[in-house]
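For reference, the structures are reproduced in the following blocks.
Heads up, the next two complexes both have chain A, just with different partners, chain B and then chain C.
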Partner chain A sequence: MSNGTALNAARRVPGQIDIWYFVLIEAIIFSSYFITYMLYRVWESPLFLQSQVHLSQNFGALNTVILLVSSWLVAQAVQAAREQKFDAAQKLVMMTMACGVLFIISKIFEWSSKIHQGFEFSTNRFFSFYYFLTGIHVLHVLIGFIFLGVVIYQLRSPQRRSITVIESGAIFWHMVDFLWVIIFALLYVMR
Partner chain B sequence: MSLWHRVAWHCKNNPKIELWIMWWAMFCFYQLFGIVFALMTRVMPPPKPWWDHARIVQWFNDNHYGLLWGFGIIFLVAGITASMNALIAYSMTRMSVSRVFSYIYLAIYSLSTLPGMLLTAILLTVGALRPDRDPAIISWIYDAAFTGFVGTMGVFFIGTSVWMLAVLLDKNRVFPLWFGYLNICNLLTEIVVAPMWIFKEGPFAWNGVIAFWVDTLVFVVYTIAFITLLRRMIVREDFGDGPLPELEQRA
Partner chain C sequence: MSAIDKRLALVCLLLTGVTLLSWWLGNSHGSHAFALNAGITCSVILIAALKVRVIVWEFMELNRAPLRMQRIADALLASLIALLLTLYFSGRAA
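And then the complex of A and B:
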């Protein structure tokens, strides 16, 4: 009996099953955006290549590093919560949020610099996709703050501290990070 | 027992009869909405945003009777949307959250029928009934109808956010958590559609693959989910205050 319980615990999927359904639906929706982008990239290849030159790969890489670090921090926070180190977990989640804020500031900076250079939402198809994909992703970062806020709320009181809810918040944040890696590859790297 | 006897028995004795009437009204309304907007009036999928005056006038001529009969039906039955709003508001009163949620939802969705459906129906009916007008005016009506139909999503954004919050905060488990998350997907489509105000062609135009097709697909999945879950809620309803019993528990 105890072996069976141990086995079940080992096999347990982290977080709520509902958050996985959510991640799956989000992955399908974003896949449809990515496929659309790829199709237009094939159809209007010269325009996309010319426009991509105006994006800074270093800036995109910096964004990616910020979010990868934030993902690592939230994973550490979940581990700390599992080990009952709730204060440490709280600090790690706050550091994760700080990375998110840094990411958004860097995105606003990048957008404003592009607008000053004359590349706006309706300049051409590539920049429409650029603002759309990065914009919808930033919206997910903002929603991620709400998820992380719930995680902090859970960690604060001994009456709450549901590991499943904490893991669910972390799963959403990992998804936000994962989506950015694909957006980075499509918009900045693939030439 | 004949069908009529069964219906009569349920009307007299079934304590959930009012909820079932609301649910069936909502179910029938969505079928009718699909038939009218997709098959009769040809509003869904939307025609091209870049057409010139002559082509737009031709579109009105081609769909003259479909527009008149289709929207005639809609003008007659548009009020049925109230049954859907009432049932969704009822679902929130059955939750552990404050009734304020259901009041906000009702207020917002009472407004939503106008930009989401009636404004388009009125404009396109005017266009169909006044073929002698200046083609430039007919084109303006066409633009106003379709931008209004696809683009005025603010009320839906707030309404969906309210329902999402209620589902996620509810302790009575009236709806599963995944439905709360599905609300996030639906409310994001209300933002994704915004670029259609700028573009006349491509993926972000009012007939574009992102602004229309992906958003509509998400909306259809969301609608099927909430119609099914509202039916399940009525079956589970025990008219109590605490957690809603699961179907297995009731069995």
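And then the complex of A and C:
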């Protein structure tokens, strides 16, 4: 066996393979949204730039940092579970969920502020994309709560604990994080 | 704090740092902040790509996954970023 083959044999897929297929499909679906957004952005550049003025860069950056910290917390939770520190792992997953709640509250606050200023889904194409992309992302945060709930359920009882399932829940949450990273760049910051 | 915990904390710090850099780029041009700017767009999209790569490699632990999975992930990310930048620059050239 060559060194390369031996090295590859020592590698393993984190979590269940099914979650990776799911992440792959989600990445392809979101990529198609991002490409469509970029096409319209190119076609209607002045409208998109004028509309972007009304988004809060600070909110976008704050949302990103909240999700990055939540990803860090859930990565630590997986590590704690591997080290058999199940109480610590549970606390870390709950803190991750708290970050998720904070993210959703800040999004609701941001949406209501935009609607109050008169910028709704039907205002123009930029705001249609803004509500669609942020809305579908929040839906994924909510689905992430189900995954994290399963992780907590697994951590609570010695009979149920499966590191693979715990890793899978964390992988879904990280996906929610990296999707937001691209949404932040495209909606809030690019010019 | 274990070596892995330290590494995860460093990764989180790096990601937060580049997020603040993106935020600063978006706010750094005063009254011209919302004019077409290829430099900002290119930097911001490349920073986002770096962040996604780091999240997938370090937090999702693809750095320990089989090489085939790593190559698929890199190819997907590189294709998306290349397509987004090509569309942006083709629009500017038109």
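The working rule: the second predicted complex is superposed on the first by the 181 of 191 C-alpha atoms of A that agree within 3 Å, B and C clash if a C-alpha of one lies under 4 Å from a C-alpha of the other, contacts with A are read in each partner's own complex, and residues count from 1 in each chain.
The rule is simple: a contact is a pair of C-beta atoms (placed from the backbone, for glycine too) under 8 Å apart; a residue touches a chain by one contact, two chains touch by 3 or more.
Bear in mind that the values here come from a model prediction, so they are computed numbers and not experimental data.
In this overlay on chain A, chain B fits alongside chain C without clashing.
Contacts of A:Gln16 after superposition on the shared chain: chain B is touched, whereas chain C is not.
In the superposed model, A:Trp72 lies in contact with chain C only, and not with chain B. In the superposed pair of complexes, A:Thr64 makes contact with chain C only, with no contact to chain B. Of the two partner chains placed around the shared chain by superposition, chain C is the only one that A:Phe178 touches, whereas chain B remains out of contact.
In the superposition on chain A, A:Ser45 contacts chain C only, with no contact to chain B.
In the superposition on chain A, no contact is made by A:Tyr153 with either chain B or chain C.
Ranking chain B and chain C by residues of chain A touched puts C first. Touch criterion met: A:Ser128 reaches chain B, while chain C stays clear of it. Overlay on chain A (Cα): least separation between chain B and chain C is 16 Å.
Chain A meets chain C in the complex at residues 8, 11-14, 20, 24, 27-28, 31, 34-35, 38-39, 41-43, 45, 49-50, 52-53, 57-58, 60-61, 64-65, 68-69, 71-72, 74-76, 79, 83, 167, 170-171, 174-175, 177-178, 181-182, 184-186, 188-191. Listed in rising order, the residues of chain A touching chain B in the complex are 16-19, 21-22, 25-26, 29, 32-33, 36, 40, 121-122, 125, 128, 132, 136, 139, 143.
By the touch criterion given at the top, residues 176-178, 180-182, 184-185, 188, 191-192, 195, 198-199, 202-204, 209-210, 214, 218, 221 of chain B touch chain A in their complex. Looking at the complex, you find that chain C touches chain A at residues 2, 4-5, 8-9, 11-12, 15-16, 19-20, 22-23, 25-27, 33-37, 40-41, 44-45, 47-48, 51-52, 55-56, 58-62, 64-67, 69, 72, 76, 80, 83-84, 87-88, 90-91, 94.
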